[in-house]
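Every chain is named by a letter (A, B, C and D) in the order it is written, and numbering of its residues begins at 1.
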């Protein structure tokens, strides 16, 4: 079985939850867009769910208050299951609030709710995972100002900059999938990432070979145009 | 408390107020500065200008309430550009909100057309309305129009529309104009219509998404791109149709300067702190 | 066992069948019957996607009704939600081109939506001041590129320092484009990897099933 | 301009100010605006999608295309999400959307994204721009090879890849700042339209007075140090 490079973010999850417990303030797990019928959103959402499972268990184990708002109906029930399972698995089911731990908020109208509550609850740790759009800046900036420690990770290219610049720790692009695979200890996911790595090696070899051939004067313009 | 500490603790709301003033001031006191045409806008304009008369184009309207003020003027100009050239347009939207704004833009463009320009609904243009399902919806529609939508925006059955007679997929079209706004949907057009059917695509996205799509431009998969209000203003300029976008493009000046000053100030404070060993 | 069949196994097989039907149709010539099935399936997807959005509204309304019925803190705000929902949905059901419906949309939804969407501009500036620092070389690269590009985009930038336009365009067309191109290729492989995992039933989160529950369900 | 349009501009100006008031802090005006927005948007999404289903499924069944009964049934099956014991029923419509969506994305991403981008990168090494393109693409792609351990030559490739990615994110950052300001400008242009500017100023004064009263009498919580 191929071994994945260990990402620093794994320790960060524990660090953030630990800090929340110490300060007696809640940890939030935000996912933004979770529309699972769009394939490009499905992949980061699934990775965010895997990380959610790990984070929720960590929160249940260490006894931190945990809050997961979800903006889409289908994803809400899945997130609900995942977090409930995590609390069950840690034997802390009494800490799981059926109305308050995982909450459904409508897409588009969740901004104010989250900003307002971030301040009133004085969150100490925030996770920004999944497919992030314009809310990335609003939430990360507020989290930074409230003084929350944050970990950001997304594969939506136009919002990675903000997670990198504002969050205390960040993972970029496909590192999100790698983190999901790593924390879920899922051999299939690991194997799949390894398979994709082979694809990348092939791409690199083709590009380098092609550009060398082009440099010495071969005409390669007809390639891949069947 | 030193001045540095005071500056560092500057209330967020003061910055917000400054930003409001910086953005509102140029709207109340407009000043027009000369503006260079960006390479991507020029390419997109040339592409649109070279679409032959009499051909039919696919037009996705993805602007919503928030992005219409910046993209709308350009979208209107592009419709005007196409209709005056005698190019026929088939509109659709993959957003429920965007659907209405596309109609607003069509109405604005029709009102601007010089008298006598053929622009009859159903003959020179059709609005297929909202299609649910994002990328899958796009794929569904352009592989089989009639199976996906039964009627157009005005509830006219597809079979009663003269323009769509004998057309049921994307292969009869000669270009795609994808006004994706902030949907991030440009790759849907590239993947589901442009590459499978071999139709060139160009369009508009909001300013923030331009870098994402730049690899497609250098790869020749995307013929050009108008970025945000600046792109709209440039289109207005290139077609010699001054409109609302120019003023808005100019209004970004002070806001941009404020942002740059804020970054510089923040970093000066940071380096002062660091030299004192505080940070 | 049979319960497991229709609750878990069948959905997984169906996902694979639907996906593979779409893929083979694209690369190999198919009999008309198959193409017709595919066309129908795709039109079903658009209908179900629309229904899923309605389901989201149902979830939300249930949440608000619950807030009102248990009189949770700030419950009276939920009344505003329910009332505006009923009015708008009622007008909309009379016809989506109903004049009043469009008035509400154009003059209430659109401005609030636009205003909320634009709040970011303020936070971005505040963040620029408090968080966007040249802390290390990573942040420095980010900061310098952002600075140059913004200066290129605002018309006054070219007047203060004219070379900023070619430099900005170069940054956007080459180094930045190269970085994104590397990512696009990776994301493309990621979509294929995800597809293989979903179709082989190794990944079932989209069905609300996770690995640990395999034994129990 | 008709009365309805004028009323619309005034109403738009008022609700926009209500939404912007959240910048000052959590307050009842912003909360009311938020809830009204959620309601209207909900009603809107409901009506538009209801209409879509009417037009493209119900009307088709009425017209004799009985196969669309399946589409309606699948849509109803989504309601299974409302109760966990019927959750499995809702898996079937999800399976359809995910299967078809992924299939459509997979079949085209190979050509458009993967091979298309490889082909465009096979450039001759005869100019600085081409060299930057080839090295940048290769190192950025290599940054996401997770089975490579961070040592040896790969460490340098990783660093170079990160440099190119950061440049890409920096460019996006700058572009996004401009985009966000354009959004505010778009709204302000409507609010400061000479015909409604007077109302806007009046609303600002009224909202400011209400908030000042609320903060003064401590009926609204004031967050210092935001």
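The rule is short, and it goes like this: contacts are C-beta pairs under 8 Å (C-beta built on N, C-alpha and C of every residue); 3 or more make two chains touch, one makes a residue touch a chain.
All figures in this text were calculated on a predicted structure; none of them were measured in a lab.
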Notebook entry, point to check: Computing the C-alpha centre of each chain, which chain sits at the greatest distance from chain C?
Noted result: B
Next item on the list: Quick one: name the chains whose C-beta contact count is the highest of any pair.
Entry: C-D
Check: For chain B and chain D, what's the span in angstrom between their mean Cα positions?
Finding: 15
Item checked: Rounded Å distance between chain B and chain C, as computed from the means of their C-alpha atoms -> 18
Check: Using mean CA coordinates as chain centres, what's the chain C-chain D distance in Å?
Finding: 6
Notebook entry, point to check: Which residues does chain C have that touch at least 2 chains other than itself?
Noted result: 26, 40, 42-43, 45-50, 52-53, 55-60, 105-106, 109-111, 113-114, 116-122, 124, 126, 128, 130, 132, 138, 142-143, 146-147, 150-151, 153-154, 172-173, 176-178, 180-181, 183-187, 189, 191-192, 194-195, 206, 208
Item checked: Of all residues in chain D, the ones touching two or more other chains -> 19, 22-23, 25, 31, 33-35, 37-38, 41-42, 44-45, 48-49, 52, 56, 78, 81, 87, 94, 97-98, 100-102, 104-106, 108-109, 111, 113-114, 116-121, 133-134, 137-138, 141-142, 144, 165-166, 168-173, 175-178, 180-181, 183-184, 186-187, 190, 226
Notebook entry, point to check: Tell me, which residues of chain B touch at least two other chains?
Noted result: 12, 16, 19-20, 23, 66, 69, 96-97, 132-136, 139, 148, 182, 187, 196, 207-212, 215, 218-219, 230, 252, 255-256, 259
Next item on the list: Please give the residue numbers of chain B that touch chain C in the complex, ascending.
Entry: 10, 12, 15-16, 18-20, 23, 33-36, 38-39, 64-66, 69, 96-97, 100, 131-134, 136-137, 139-140, 143-144, 147-148, 196, 207, 210-212, 214-215, 217-219, 230, 249-250, 252-253, 255-260, 262-263, 265-267, 270
Check: Inside the complex, what are the residues of chain A that reach chain D?
Finding: 2-5, 36-40, 42, 73-74, 77, 81, 106, 108-109, 112-113, 115-116, 119-120, 134, 137, 145, 157-158, 160-162, 164-165, 172-175, 178, 193-194, 197, 199-201, 203-204, 206-208, 210-215, 220, 223-225
Margin query: Using the touch definition from the top, list the residues of chain C that touch chain A in their complex.
Written below: 45, 48-49, 52, 55-60, 63, 66, 113, 116-117, 119-120, 123-124, 126-127, 130-132, 138-139, 142, 146, 180, 183, 185-187, 189-197, 202-203, 205-206, 208, 210-213
Margin query: For a test of understanding, state which residues of chain D touch chain A in their complex under the given definition.
Written below: 19, 22, 25-26, 30-31, 33-35, 37-38, 41-42, 78, 81, 84, 87, 90, 94, 97-98, 101-102, 104-106, 111, 114-116, 118-119, 121-126, 130, 134, 137-138, 141-142, 144-150, 165-166, 168-170, 172-173, 176, 180, 221, 223, 226
Notebook entry, point to check: For the complex, which residues does chain B have touching chain D?
Noted result: 9, 11-13, 16, 19-20, 23-24, 27-28, 66-70, 96-97, 99, 130, 132-136, 139, 148-151, 155, 182, 187, 190-192, 194-196, 206-212, 215, 218-221, 227-230, 244, 247-248, 251-252, 255-256, 259
